[in-house]
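Lettered A, B, C, D, E and F in written order, each chain numbered from 1.
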Amino acid sequence: MGTSVALQISGRNKLRGRVINITPGIVTAEVEIDIGNGNRITGVITKNSLEEMQIQTGEEITALIKATSVMFMKE
Amino acid sequence: MGTSVALQISGRNKLRGRVINITPGIVTAEVEIDIGNGNRITGVITKNSLEEMQIQTGEEITALIKATSVMFMKE
Amino acid sequence: MGTSVALQISGRNKLRGRVINITPGIVTAEVEIDIGNGNRITGVITKNSLEEMQIQTGEEITALIKATSVMFMKE
Amino acid sequence: MGTSVALQISGRNKLRGRVINITPGIVTAEVEIDIGNGNRITGVITKNSLEEMQIQTGEEITALIKATSVMFMKE
Amino acid sequence: MGTSVALQISGRNKLRGRVINITPGIVTAEVEIDIGNGNRITGVITKNSLEEMQIQTGEEITALIKATSVMFMKE
Amino acid sequence: MGTSVALQISGRNKLRGRVINITPGIVTAEVEIDIGNGNRITGVITKNSLEEMQIQTGEEITALIKATSVMFMKE
């Protein structure tokens, strides 16, 4: 029987969604996911990461965002 | 009649939610919002911003996240 | 008469200036503004933001920088 | 037999080291690791992450750094 | 005669100003500088950096900001 | 005799290494250095910085990373 070892990451925000858009550039690439409830997350990662992870439209991935990168707005 | 001038911000990710937790420190403060669909966003801002914006538990605010701050994970 | 509702943003640094340079790439774009007093601010945003906001050379925009992104140097 | 599913993360820099210093604050906490070769990495994470991950002096953990957060200096 | 070796840093934004406010916390510290022309920059650094650099109110230091950390707003 | 004035930077992580890979794009450029002990650091900077600093494969440069940009992972 296999033992599952969970990986813990200090980055507090993990938002799961379906890839709806990929724009590859030369150095960077833009990936957009739909996390439900009318919300989308757009991220810019390196093109190398995009290719190594073989991210494809339609599959489910998770956005990871460090708490210190989050701002808030209020009307 | 008043004219409404919309403010545009280049930060691509705007996620609206209800404040569920506030932890003030000395320099920084942690704010957690519930954006629905089982997702929460935690942000660390300055305590000065928390006080000037008078952020309070229960009210609706919007998380703002720059696309270059977003990573992706895939199993 | 209209009612003006101010938008508050936790990002502490807002520096107003005139756009002096725009370099569009594929995924990202570089925008440079002159904030006076001999100071310039260069930012890299997504090309999508550049186009949606229709940022143009000569117009006035505001740089927004989160306090946790600022370092200091001293001789 | 169990099946191991590797988690892939777009953050390109993963540096493994031993925890040599922990300074807990109220909202944030500083963690320092020794990655060998005379190099150390200091990170500031939320105190909540520190406690949930039960990070302790002497254990091995991995620093994760997004490529867009890296600058370079040259003499 | 001495030879001056300039240090080059990829971080594109260097804004020189006078320290007008310092708020030390436990892990982090807030430093505010006046860069002239009515502009101020607030940064959050580690308290260790504040102490090692012996940053003091009234002295001149330089804010360093990576271009990928800059957003833009437009009305 | 010359007087050396050390430049202090609040960014806590300085990792010296040899440039092993450079990928220039239009706006950004990826630079990879080998810091020894089997560790590599990849950074994305502006293409303008790459050119002004004349970074070349084989030379030694230093990666600079702010502590608030560092996350930690634990198995």
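Convention: a residue touches a chain if its C-beta (ideal position, glycine included) is under 8 Å from a C-beta of that chain, and two chains touch if they have at least 3 such contacts.
Because the structure is a prediction, the values reported are computed rather than measured.
A.B. asks: What are the chains that chain C and chain E both touch?
C.D. replies: For chain C paired with chain E, the chains in contact with each are B, F, in label order.
A.B. asks: Can you name the chains that touch chain C as well as chain F?
C.D. replies: Chains that touch both chain C and chain F, as defined above, are A, E.
A.B. asks: Roughly how big is the turn, in degrees to the nearest 5, that lines up chain A with chain D by CA atoms?
C.D. replies: Copies differ by a rotation of 180 degrees.
A.B. asks: Going by average Cα coordinates, which chain is farthest removed from chain A?
C.D. replies: So the farthest one, by centre of C-alpha atoms, is E.
A.B. asks: Is it true that over half of the residue numbers where chain A touches chain B are used by both copies, so same, or is it different?
C.D. replies: Same: most residue numbers at the chain A-chain B interface appear in both copies.
A.B. asks: Greatest Cα-centroid separation from chain C: which chain?
C.D. replies: D
A.B. asks: Can you give the whole-Å distance between the Cα centres of chain D and chain F?
C.D. replies: Measuring from centre to centre gives 18 Å for this pair.
A.B. asks: Using mean CA coordinates as chain centres, what's the gap between chain D and chain E in Å?
C.D. replies: Computed value for the inter-centroid distance: 25 Å.
A.B. asks: Roughly how far is chain B from chain C, going centre to centre by Cα mean, in whole Å?
C.D. replies: 19
A.B. asks: Of all residues in chain B, which are in touch with two or more distinct other chains?
C.D. replies: 7-12, 25-26, 28, 30, 42-46, 48-49, 53, 64, 66-69, 71-74
A.B. asks: According to the definition of touch, which chains form touching pairs?
C.D. replies: Final set of chain pairs in contact is A-B, A-C, A-D, A-F, B-C, B-D, B-E, C-E, C-F, D-E, D-F, E-F.
A.B. asks: Okay, in this complex, where on chain A does chain C touch?
C.D. replies: Touching chain C from chain A are residues 23-26, 28-30, 42, 44, 68-69, 71-75.
A.B. asks: Under the definition above, what is the set of chain F residues touching chain C in their complex?
C.D. replies: 5-11, 25-28, 46, 48, 66, 68
A.B. asks: Residue numbers of chain B touching chain C in their complex, please.
C.D. replies: 1-4, 7-12, 43-46, 48-50, 52-53, 64, 67-68
A.B. asks: What does chain B use to touch chain A in their complex?
C.D. replies: Its residues touching chain A are 11-15, 30-31, 33, 35-37, 39-45, 49, 53, 55, 59, 61-74.
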